[in-house]
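After this come two complexes, each holding chain A, first together with chain B and then together with chain C.
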Partner chain A sequence: MSKTDALSVEVVKHDDGVVVSLVGSASMDLCERLNAALLDVCQTKPRVLVIDLARLDFICSLGLGCIVVAYLRVTKHGGKLMLANPQPTINDMLTTTKLGGLMPVCSSIEEALARR
Partner chain B sequence: MDNETEDIRICSDPSELAAVRARVTTQAEAAGFGDTEVNEIALAVDEALANVIRHGYGGPCDQPIEIRLERINGSEGDAIHITIRDFGRQVDPTQIAGRALEDIKPGGLGVHIIRTVMDQVTYTPADGGGMQLIMTKKRKEQ
Partner chain C sequence: MSQRDSDSKSGDRFRTVRVNSTLHEAKVPESEILVHVRKHGFCEEAVFAIKLALEEAMTNAVKHGNGNDATKKITVRYAVDDERIEITVSDEGQGFAPEDVPDPTSNDRLTLPSGRGIMLMRAYMDDVEYRRNGREVYLMKRNRR
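Take a look at the complex of A and B:
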């Protein structure tokens, strides 16, 4: 069968925090890359980490697990992790797994950075 | 009753999952499910296959997985049946459970997602080894 998934992770540092934008699909075979990218960011101990989900089409439970690991690392040193711009399908999954109640979900990156 | 069936055979390679999701999406759309339900069905299949690859086979990418997608048009309503058969490790079906979501940790969400988004989920040890998972999603009347 054809292999069509792709994921890119874009990291932008702001004065107020770090924004990680996920683009594509966070499927099982790509979660290692996601995990490595998030851990790299976490090692900088950001006060605020915003994960922008606007261009994320799909995320599996392993991908959510990577975000949970990042959440635990960021909050361990007193930081905050927030999610921004989830598409409806991603938002449904956040609801199903109750992660949307654990991490603030904002409608824009600006809103997330302002809630620090 | 008028049913449509598609059989898919893949190897236990995570890179196969995107193509399977695409086939499941096509079948679910053809069965008349709405966008949200189509995404839920594709997600459930993805999670089930990921569990087979990680836990049933434990990593090798060359082991067989058989998937059957059945669109059911029956007197009790329309539905999609999905059967996933592997030949890996057998487990007691009563031990297959998602973790409590209040525990904040990275793993164990897959089974919870499957059981939440599908209407019926049945794991059984298969004759000859491995496990068989049958999942059903009923189409809600529009």
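Take a look at the complex of A and C:
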């Protein structure tokens, strides 16, 4: 885990869907930006939205809430949201909160896109 | 602006940091506390847990306790040694009854925002207690070196 917090959101459009990679730390003071970035993606009504967590080393409950809101927006339009590559600490949080049961957790972006 | 006090002269081992009630200022004590827990040899897993619990306590203080009123204050007191860290986070709100917060992991509440922070604090710390009618939360984590 890094000693200073920063968060970047990278968006890549694929033929099969959109991949959003979260990089850094989704801490409480950065979640407003995360929410705005995910809202922008959701407004394109993707059929598949994959959130790549491979380079996310921290997330708080507000950040998890942003992902849940994105899940609700995507599924409302008949799309799917999947999580990919969580680090062990983040994966443990998904288990603890049971959000891993709400949103499928895949071991790679390719696997997530293939499950559309 | 944050204010710091060290009570070591009076024999109180707790340090005090008081900040304005915003999510940005709420990060100030976190940075300071994590430096201390690393100095005392807490493992990275424990550092993650302490950071998480502190963020949840501060978020609750800003949003629910102080009602997003930036003129109110949050007071953080902490003591850390080689054995454990103890933290209290106090707000200036009306308090609440933590036992009335529903389980956020029940199937019908998974997509709702409330209660997840309290649940995470309890899952990641060794002791969590609400005091002063819910206006103060006490967090403790042991150092398992």
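As a convention for this text, the second predicted complex is superposed on the first by the 113 of 116 C-alpha atoms of A that agree within 3 Å, B and C clash if a C-alpha of one lies under 4 Å from a C-alpha of the other, contacts with A are read in each partner's own complex, and residues count from 1 in each chain.
Operating definition for what follows: contacts are C-beta pairs under 8 Å (C-beta built on N, C-alpha and C of every residue); 3 or more make two chains touch, one makes a residue touch a chain.
Note that the structure is predicted; figures quoted are calculated from it, not measured.
Applying the stated clash criterion after superposition on chain A shows that chain B and chain C collide. In the superposition on chain A, contact is made by A:Gly65 with both chain B and chain C. In the superposed model, A:Leu102 makes contact with both chain B and chain C. Residue contacts after overlaying the shared chain place A:Ser27 against chain B and chain C alike. Residue overlap on chain A between its contacts with chain B in one complex and with chain C in the other: 1, 3, 5, 27-29, 58, 60-62, 64-65, 68, 71-72, 89, 93, 96-98, 102.
The residues of chain B lying in touch with chain A in their complex are 8, 10, 13-23, 35-36, 39-40, 43, 46-47, 50, 53, 101-102, 104-107, 109-110, 112-113, 116-117. Across the interface of their complex, chain A is touched by residues 23-24, 26-27, 34, 44-45, 47-48, 51-52, 55-56, 58-59, 104-105, 110-111, 113, 116-117, 119-120, 123 of chain C. Chain A meets chain B in the complex at residues 1-5, 25, 27-29, 58, 60-62, 64-66, 68-69, 71-72, 88-89, 92-93, 96-98, 102.
For chain A in complex with chain C, the residues that touch the partner chain are 1, 3, 5, 27-29, 58, 60-62, 64-65, 68, 71-72, 89, 93, 96-99, 101-102.
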